[in-house]
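All chains are identified by letter, namely A, B, C, D and E, in their written order; residue positions are counted from 1 within each chain.
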Amino acid sequence: MDQKGIGMNANTSAEPLLKARGLVKRYGKVTALDHCDFDLMPGEILAVIGDNGAGKSSLIKALSGAVQPDEGEITLEGRPVRFASPLDARGHGIECVYQTLAMSPALSIADNMFMGRELRKPGIMGQWFRKLDRPAMEKFAREKLTELGLMTIQNINQAVETLSGGQRQGVAVARAAAFGSKVVILDEPTAALGVKESRRVLELIRDVRSRGIPIILISHNMPHVFEVADRIHIHRLGRRLCVIRPDDYSMSDAVAFMTGAKVPDEVATAA
Amino acid sequence: MDQKGIGMNANTSAEPLLKARGLVKRYGKVTALDHCDFDLMPGEILAVIGDNGAGKSSLIKALSGAVQPDEGEITLEGRPVRFASPLDARGHGIECVYQTLAMSPALSIADNMFMGRELRKPGIMGQWFRKLDRPAMEKFAREKLTELGLMTIQNINQAVETLSGGQRQGVAVARAAAFGSKVVILDEPTAALGVKESRRVLELIRDVRSRGIPIILISHNMPHVFEVADRIHIHRLGRRLCVIRPDDYSMSDAVAFMTGAKVPDEVATAA
Amino acid sequence: MSSDTKTATSYEEGLQGASDKVAEFHEQKTALKRLQHWLHMTPSAVPMIVLVAAIIVFGLLSPNFFKAVTLSTILQQIAIVGILGCAQSLVVLTAGIDLSVGAIAVFSSVLMGQFTFRYGIPAPLAIALGLAAGTAMGFANGWLVARIKLPPFIVTLGTWQIILAANYIYSANETIRSSAIAAEAPALQFWGYSIQPGGVKILYAVFLMVALVAILAYVLRHTAWGRHVYAVGDDPEAAELAGVRTRRVLIQVYALAGLFCAIAGWVMIGRFGSVSPSASTGQLGNIQSITAVVIGGISLFGGRGSIVGMFFGALIVGVFEMGLKMVGTDPQWTFFLIGLLIILAVAVDQWIRKASA
Amino acid sequence: MSSDTKTATSYEEGLQGASDKVAEFHEQKTALKRLQHWLHMTPSAVPMIVLVAAIIVFGLLSPNFFKAVTLSTILQQIAIVGILGCAQSLVVLTAGIDLSVGAIAVFSSVLMGQFTFRYGIPAPLAIALGLAAGTAMGFANGWLVARIKLPPFIVTLGTWQIILAANYIYSANETIRSSAIAAEAPALQFWGYSIQPGGVKILYAVFLMVALVAILAYVLRHTAWGRHVYAVGDDPEAAELAGVRTRRVLIQVYALAGLFCAIAGWVMIGRFGSVSPSASTGQLGNIQSITAVVIGGISLFGGRGSIVGMFFGALIVGVFEMGLKMVGTDPQWTFFLIGLLIILAVAVDQWIRKASA
Amino acid sequence: DSACLITKTDTNPFFVKMKEGAQAKASELGIELKSYAGRIDGDHESQVSAIEACIADGAKGILITASDTKAIVDSVQAARDAGLLVIALDTPLDPVDAADATFATDNFKAGELIGQWARATMGDAAAEARIALLDLAISQPSVDVLRDQGFLQGFGVELGDPEKWGDETDPRIVGHEVTSGNEEGGLKAMETLLAKDSDINLVYTINEPAAAGAYEALKAVGRENDVLIVSVDGGCPGVQNVAEGVIGATSQQYPLDMAARGIEAIAAFAKDGTKPAPTEGKDFVDTGVQLVTDKPAEGVESIDSARGAELCWG
């Protein structure tokens, strides 16, 4: 059974930037992804919503190289890809904020932001002695955090483990937004954030899109989703149930779909 | 400076069930609590809101024995108390869901729910051989999760580490709600939860209150806060800025207070 | 103001009639898959399989191996390591490590012996005092770990040296001879007695080891205290927040480990006949017990594994040592091959777990 | 449908004019607080203070201690442990442990010697081969840890035995004499040469140790690779997700540790003159280097600590051993006191950290 | 004046007694004695640092039982260059003249004596002997090799390379196992060899604790009376074991004597620079070795356990 996106009026002709077909991921007895499809169009904000345990995180982990799907294929800009690791996916310009944040608690904010792509000093020190350019990294990190309004962070060299939950999430989001070049994936980026900080993240998401970079946003916050998303991928029981546009459906409809209270027309007829 | 709750029309005569005065908690250079006051009235739902890093989690950790404040005092039902540990607080009937959830990843859901208050078999096996009553514990755990609608959990003996973020949070909330006898504290209980699951938690909170047990709810979700809270404690820069009633102020006002955009009248005159 | 409250969550109307269906997934249930799943669910099965395989291989290689005497000899050779392994397992389950197990065992045995022979204390009382002393040494470890919050490795590295040095200084390196003990204080040698069903000798010490393993397996699996030990090893902060008295549990674990070590010390007297302060258990007991624990599949990061696995781990090492020697390898090669075995046994374990995940 | 969207987040109007003020807190800045804060920020300062205190105490206790010769002797005595400590620090920072360091050092030194004397390979080439062999042994450790995902403790416990046994078997327990080396292959003894400013002998080995510590400190602190080592030790999963090639880093760390061990092996030849397969470094090098690492404040759980701390840790042990010897303490009392020292040094460290937190 | 005593370990009773002998003599002569030891048998590095500490401390002389007889030579030379008198105790250095003097047991001879005794005692049965060898350690330190090879030579087994044990091809040898020189190791090694061949009737042991362990294993299978155990050391518990029939014969050495004579030599050296001279015809001062047994065999000189007990050192 091929799950079709519904309500795809625009971009139907355009080729998806990131596409997945028939992804399967099993954890022992649990099947987290059950022949799941996925499409991300160029320049769009795609929200992914679904119940807890529906398999959203598993999906984006498969797309970003953090887990290897058991079956199925992924294409990026039309070319089939297999990401062996997150670094691999990152090399292809896919940047991801995981639900678990992926930070090294004992290292500083700046160290964490540049993990795996550190800046080196110009000249001999950098080239030959591979010396890090700490001032540059710190300056950059400070700027990015300020953009997000995370000014309660008192010291950029603070270890991440001393930050509050929300502060940590802010750092992770800032990292992804700063470095994503083709796709930015955010798994519940505002879950631990306050009102002010959430607002900044939404603005940031729009910013990123305005740079032409598409975004995948997983969120349980319907108002946020309906505010920023161009399309909404509704995930249910390990697979894509349907894709809707926020203008065509109400939040109630979306909630009804994802919880199984209603079945979207197209799926109903297809089934 | 004594911070006064404002807008406390009802219950003004009643003595707070849990009260704190002048709490101070420092982490090295950072002062997370700066002479903070706190009052929880019997039978109420008290929301605590504030920016990320404002010190909300630090406050409830001090109230639940997870950290020892450097200064200040806490009274429970009018009697001064000092909680040396969470177990100590629990002995006084204070049950807490921490932001970090406090679960043992390798242990099962049932083991986690009953950690520290395991049920023993009746008769000799329990009394002399201290044998656990697993069937009873599992049954209870299953019931509590079903109440919360966490039915995607397939196996009550699953290790907690194999649950999705939201499922984990659900287990933690179920634990606190099931065992709290005097006060239930929830630090962002719905942060990782879906729409359906969040709704169940809100219902659960009301349920608990209807059993006469007051609840402290930390949340960044203003609609939820305004929906269920009797009073709202607004936390800013490590201390209580003011306490408002949801009927007296709008969400916009609350947001303005907590982010420092506006100063509540009483505080303004007092300062 | 309640108007915006209502609107804010109005989309939740969509929840009306939400499905309560649990996801159901079709699984291929091949025999292999089922085996793997069983192995995964039964962590001590893996070392057991390695063990059985080893026994069969050595049985084929060496004609004498498959005799009851050989097998009972192996059991009696691992009795001490098995008991020390119980102590070590407890500590490792809390994400600790105890380098002092061997030293405590040796010093306890020396104390039992010297109390009897130097001060003329009746043997049963001397044994009780020795057991208490071992418990006290373990308690000291636990106190340093739980109260002063020192890393277990460093605490027990220190107490290992301290106890061993105290052992030599106190005993003046004097051995108490087997014949003297047999004549004057046979209680010290109790665990060296044996039953001989059908001519095959089985030491009391072997029964003791099996009993201790069984008791500990029960306690860890079926009592609240056992669950707390796992929780403390898994994530001590979470355990503390969840209401476990982590420090008390830690101290109890180390003290109990000390008691087990002292029991091992008593068994040593029975097994070796004499009381010797320079028994190599003092130096090697820690590595041997850790080897058993790890081959048995207990995670050094705490919170995962079973005591029964440790027992099989000890057996595997015992079978290998005996088997290799009977096949006639040179002692240096035996050493070499045991090293390989340690790595291989754990690698096989890892492989099976991975395949079944 | 956008109507409810607007309403849903309408309360965010309250954000208009939100304060951007950062919380400011008044702190009491007493001298003690400031000292504690400085100690907290400078983790290697604590062992340094312990060290200075120890030197002063021994200087008072023993008239001969405070001589340049004594101090240079201490430096030369810790040269090997210091270099092994570098290897151990790297591994421990990744939350691993390397029990095979001493065995790799001894076997590498034996290989260098035997290559020269058994096969007549020119000494510099033999040294290069020995260094390569040490690196290969480390690589094998790393491969097993990173690829097969075996626990480092068990891997290196296995390779420790394997390498040591191979060492005895290959060398046939033969010592190569100092006079033969001096005559035919002086390059092997290079690190045993010394400069003698003002009559005080300082071995090249001491300079080498200091240089290696300095280089490693630089690499760990100021290069991306160094940061990755910390990240891998801190939380390997997070590091992997954040884009660190954890497996590659791990393999590099173990291989580099192997290289350092081989260098230590070369230094052993210089220091002891001869090449001996039964050098006790093979047995004790691991515990000695771990002691230095832990007294130096590197966390055995990975990700925290500095190589300079390890250096002070090695020095502390060296000063204690020498000091106690010169005061004339009985060897068992020395072991006893070193055991106490290990616990005390770490306890003091812990206490300062706690006080300043 | 001060002197240093450096032993292989200080956990082996042999060295404990050696230290007692040195200490007694040192107090008598008014010399300050500082003792050092390795952590384990074969711990060469600790001995090197001990020598360095003695030099730094300005001692007059060093008594050393070297763990690695070849490797220690450089350090000993450094001490002699610094003006210290260095005396090898128990174990000769390689070359012997690396030390100023040597007071030692002839360990090869110690082994040879028990080998000869065993052969004479077994008589014709020696041709079908089933021999178990309980050695010290897999690193094969020199005492380990000397005693083992001496025993085999004395018994009439053809040696392979006399520099190592374990390469003999004589079918009478059941196997070699290592014991760490203590009861625990002796017991385990004996159990293992018995499992391999239950007809063993002659057991060589590196020292008396290992012999005691082997006896326990034999007793456990009821063979304590028909197996011959031989050993080396002559410590008091060992001699008593000879008297009780646990050990058939043991070669007794005299560590107290060695140490006392070593201290005397250092005292003399400190006074007027005289150095001790070696025993006639040998390159070291032989402190003697005697076979202790209550079943003397023809052609092998021995003393009985009563006399052995008078001379013993533990």
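In the analysis below, a contact is a pair of C-beta atoms (placed from the backbone, for glycine too) under 8 Å apart; a residue touches a chain by one contact, two chains touch by 3 or more.
Quantities reported herein were computed from a predicted structural model and do not represent experimental measurements.
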Any chain in contact with chain A as well as chain D: B, C
Chain whose Cα centroid lies at the greatest distance from that of chain C: A
Taking each chain's C-alpha mean as its centre, the one farthest from chain B: E
Same or different contact residues where chain B meets its copy chain A, judged by the half mark: same
Chain pair with the higher count of C-beta pairs in contact (B-D, B-C): B-C
Gap in Å, rounded to a whole number, between the CA centres of chain D and chain B: 45
Interchain centroid distance [CA atoms averaged], chain A/chain B, Å: 30
Between chain C and chain E, centroid-to-centroid distance (C-alpha), Å: 37
Residues of chain B engaged with two or more neighbouring chains: 27-30, 53, 100, 152, 154, 195-196, 222-223, 250-251, 255, 259
In chain C, residues with contacts to at least two other chains: 4, 8, 10-12, 14-15, 18, 23, 168, 332, 335
Residues of chain E whose C-beta touches two or more other chains: 10, 40, 138
Contacting chain pairs - touch in the sense defined above: A-B, A-C, A-D, B-C, B-D, C-D, C-E, D-E
For the chain A and chain D complex, residues of the former touching the latter: 66, 85-87, 90, 96, 98, 100-107, 111-112, 115-118, 120, 129-132, 149, 151-152, 154, 195-196, 199, 222-224, 226-227, 246-251
List of chain E residues in touch with chain D within their complex: 10, 32, 34-40, 42-46, 48-50, 52-53, 55-58, 67-68, 70-71, 73-75, 138-141, 163-164
Chain E residues within the chain C interface of the complex: 10-13, 16, 40, 138, 166, 175-178, 180, 182-185, 187-188, 191-196, 198, 209, 212-213, 215-216, 219-221, 237, 240-241, 244, 246, 314
Residues of chain C touching chain A in the complex: 8, 10-19, 21, 23, 25, 27, 37, 40, 356-357
Residue ranges of chain C touching chain E (in the complex, touch as defined): 64, 69-70, 73, 76-77, 168, 172-175, 177-179, 194, 201, 268, 271-274, 276-281, 283, 321-322, 325-326, 328, 330-332, 335
